[in-house]
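Below are two complexes that have subunit A in common, paired first with subunit B and then with subunit C.
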Partner chain A sequence: MRRALRGYRAYVRAAVAIRLQYRITIFASAAVTLLWILLVTRVWSAAYQGRDTVAGLSRESTVVYLTLASLQAIVINSPLMWIMAARVRSGEVVFDISRPLGYPGQMLALQAGTSVTQIAVTLLVVPLAGLIGGLSGPAGLAAGLLYPVALLLGWMLNGLLSLLIGLTAFWTVENTGIAVLYRFVAAFLAGASVPLVFFPAPLRAVADALPFRYIVYQPAAIYIGQVNGPAARDGFVVAAGWIVLLSGLTALVWRQAYRRTVVHGG
Partner chain B sequence: MALITVRQLTKEYVRTKAVQGRFGTLRTLFTREKERTLAVDHIDFSIDEGEVVGYLGPNGAGKSTTIKLLTGVLWPTSGTVEVAGPGGPVVPWRDRQNLARRIGVVFGQRSQLWWDLPLIESFTLVAALYDVPAPRYTSNLARLRKLLELDPFLHTPVRQLSLGQRMRGDLAAALLYDPPLLYLDEPTVGLDVLAKETVRGFVDESNRSGRTTVLLTTHDLADVERLCRRILLIDHGRVLYDGAVDGLVARFAPYQEVLVRLDGDQPDGDRLDLGGFSGEREHDGRWRFRVGRDEPVHRLLAAAGDGWQIRELSVVESNLESVVKELYRERRDG
Partner chain C sequence: MAHRLRREIRLYLILRGAALRAATQYRGNVLTTMLAGAAYQGSGFAFVWVLLHTFGTVAGWSLGQIAFLYGMRLLSHALWLVTMDGVGLSDVAIREGQLDRMLLRPANPLVQLATNTRSLMPFGDLSMAILVFGIALTVADVDWSPAAVLFLVLAVIGGAQVEASVVVVIAGLSVRILDTWAFRLMMLDAFDTLGSYPLSIFGSGVQRTLTYVLPVAFVAFLPASVVLGRTGQLAVPAWLGYLTPVVGATLFTLAYLFWKRQLRGYQGVGH
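Let's turn to the complex of A and B:
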């Protein structure tokens, strides 16, 4: 156990070091996020047309939600899926599989390292994001305390889902299409650009039934006080349930993927 | 006692057959027709501790597939592999993580080093992955730095290394945690003469002083002549020969070749009978005769009186390279 932890920690450190080699990419993606915040908050503010509240959400709360949600959605843009596919394609996956650590764990550690870098950059641009969009303190002490917990659950869910999508590369080799589809669907159903309360009922039911909402909507809604008390608690239970379910599924899919591994070239 | 025991190991690759012709790409998406290739076909062998075994065969013979099965990267179609160890025998694909700590792997065609990071970072990472205690890491690294002359590029990002430097880095990474078993898949491919010699010297040293058992695939037979006493020759997934290097030459080339240049007028045609030996014309005008190892070459010389004058004669001993070349050619033609 201690042995394995040392290995996973090393992976996280390496992933951070690798991301830091590509600073321009990191700052470019931060710039894209800020631009997105600018656009989405302006469009939604205009949509309020002078009204104070729509669907129980004030204009100010919506702007704060959208600013937070855009920042949080950065984690969905992890390169993990491409990295996995690229290594299957080039045959370098041979080294990942021959390590004394589990493959899914290694990939999650890579994802963690990437996220550490993304979070560090995100924290740097938070003041700018507040200026461009709009930020305020959490809705209350409870909201402030529950927010990081919700973020952590969301991160784990996104990590597991990305890992599952990445594993499709063992069957298809090339998974760009699936990965693009995942990002699009995940970001939308997570409520990254439209708060879920604005969804029409049937779409809302779909979003509620799927795990994506816990990646972006749940934490941001807790922060602005839209979700609190029993609703927040129930949300945590369901998110934890999804994590357990997806962990089991990942283990199952990985076992199948390993048995059908083909190392390409040489 | 055998360190590795391979029994009836078989790996079959199955892939969807591409449909040719009109809308072929589209039809391939929906086809059910499968193509099966037997990459490794019921092979048996065992390797003792401390051996250096050359695993030879033409391209596509199944060498790399075997190595991937032995390292537990691939799951076989049937058959088994057992690697002896302190905790009892281990089957690579069933107890992969456990085995991983005891094997070092180098694939010459690709690298386990982190492309974007300085070489030394890959070493600290490997040390952490394999849980190498700090003092052992320090002493191992010092030894590897000296043996493989890593110092000039230790802090250079791997993507900027030359192929020879990268290969030395890969060898160091594979041995940083003192694995008793080393799999080398074409470790000298693409290297210049000096770099090849460094790699060979290093493998030899690891085997002698570290008692590392080595299974080596290569197309450079100088690697085999320098390092291996035993050869496993495979083709089409089957073992053709398993034994000593000398034995292979004696078995598959029980003759020597004699090259003869004649004086004066040359005989017509491409064949020439001389003293009971049949010769073939070479591109440079010389005649090539095959003379059994116990047959007297002087009969060729004695035959020279029969109208042909020999100006020049040389005897070419069969060596590993000529034998292997011959074997590959026979397999391809047959």
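Let's turn to the complex of A and C:
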């Protein structure tokens, strides 16, 4: 157990080191996020014009939500899926599989390392994001305490979903299409550019039924006080349920993927 | 001159066709890649649609009008992507020595670079462009005189040339500095993010910057304002909206000359 943990820690460190090699990429993605915050907060402010509160959200809360949501959505864009596909294509995946550590665990450790770098950079640009968009303190003490918990659950969900998408490479080899598809559909249904309360009813029902909303909407909505009390508690229960369900699914899909690799002859 | 141009166009079509045939070999990936291209652009429009569903207008623009602007920008964007997608991959072409080979063959290097792609994502962009613009035409109130239609066609081509000129300039830079990926990402993202929305949501300073410094406004915002008769809110002279075809052709010519000049100093990476 201790040895396994040490192995995973090494994976996280390696992923951080890989990301730091591409410093200019990190800088570029931060710039892209800041530009998006500028646009999306201005578009919404223009839409609010003259109105104070729409659908129970004030203009100020919406701007804070959009700034936070744009920063949170950065984790959805992870290189994990491309790395997995590239290693299946080149055959290097054989080395991953033959290591004395579970393959899904290795990949989640890679994802964790990537996120560590992304989060560090995100924290650095928070002041700029606040200046360009708008930020304020959490809605209350409970909101401030629950926010990191909700973020962690969202991060785990995104990690599992990315891993599942990445595993499709064992069948399709090339997975650029589905990876890009995931990135944009997930970000939209997670509420990255529109707080879910503004969704028309049928679309809202779809977003509510899927796990993406716990990655962006739930934490940001808790922070601004839009979701609190029983609604927040129920959200945590459902998110935890999704994590259990997706973990099981990942194990199942991985078993099939592993068999396919053996059939190929390694 | 005309003969040479005809020959280049014929070569371009042959090479583009070959690239397309290569791309469609991966059947399973064809559909998902096109869907991905459509989702990329579609999720941006979904944002506008949901927003206007609640608010009705943004900075005085209705859903039909924003769809028109959005569709026009997407048509320009898809047009340069479908024709010149490979230019955006100049870094790889140089790093892997493909450009060396292109310089030795008897066809324009930019033509060869433009067709050096296996991606089908541009066709996803194109299908979303046609969809959004098609919807806009049924909703927005547009003047359909022959002159207006002609201007619209020229403006879409001009918009495509504005975006393409940015990519060609960066391809020229990549001849010298090799790694331009992040720079290209930021420039194209600026067009993607800002090009499709009414820039009147910003103050006059930002509007002027996006007209005179980074010509994002010329791609769709200015010509669409002219076609839709919404020039009242512009922070720049309204007649600039008519200039998109000229601005596009000029910028593209300048970009091409820049690329050719940079190519003269090409040293390769040691293949």
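We take it that the second predicted complex is superposed on the first by the 261 of 266 C-alpha atoms of A that agree within 3 Å, B and C clash if a C-alpha of one lies under 4 Å from a C-alpha of the other, contacts with A are read in each partner's own complex, and residues count from 1 in each chain.
By our rule, a residue touches a chain if its C-beta (ideal position, glycine included) is under 8 Å from a C-beta of that chain, and two chains touch if they have at least 3 such contacts.
Quantities reported herein were computed from a predicted structural model and do not represent experimental measurements.
Enquirer: Residues of subunit A touched: more by subunit B or subunit C?
Expert: Looking at subunit B versus subunit C, the one contacting more residues of subunit A is C.
Enquirer: Could you say whether A:R3 touches subunit B, subunit C, both of them, or neither, answering first, second, both or neither?
Expert: In the superposition, A:R3 contacts subunit B only.
Enquirer: A:T261 contacts which: subunit B (first), subunit C (second), both, neither?
Expert: A:T261 sits against subunit B, while subunit C stays out of touch.
Enquirer: With the two structures laid over each other on chain A, which partner does A:A14 touch: subunit B (first), subunit C (second), both, or neither?
Expert: First partner only.
Enquirer: Report, in rising order, the residues of subunit A that make contact with subunit B in one complex and with subunit C in the other.
Expert: In the superposed arrangement, which is not itself an observed complex, subunit A uses no residue for both subunit B and subunit C.
Enquirer: Provide the residue numbers of subunit A that touch subunit C in the complex, in ascending order.
Expert: 24-25, 27-29, 31-32, 35-36, 39-40, 42-49, 54-55, 172, 174, 176-181, 184-185, 187-188, 193-194, 198-200, 203
Enquirer: Name, in rising order, each residue of subunit A that touches subunit B in their complex.
Expert: For subunit A paired with subunit B, touching residues are 3, 6-7, 9-11, 13-14, 17-18, 21-22, 90-92, 94-95, 97-102, 258-263, 265-266.
Enquirer: Taking the touch rule as given, give the residues of subunit C at its contact with subunit A in the complex, in rising order.
Expert: Touching subunit A from subunit C are residues 26, 28-29, 31-37, 39-40, 42-43, 46-47, 50-55, 57-59, 121, 179, 181-183, 185-186, 189-190, 193-194, 197, 200-202.
Enquirer: Can you tell me which positions in subunit B touch subunit A when the two form their complex?
Expert: On the subunit B side, the touching residues are 13, 64, 68, 71-75, 96-98, 100-101, 103, 105, 107-112, 114, 116-117, 121, 124-125, 128-131, 157, 185-186.
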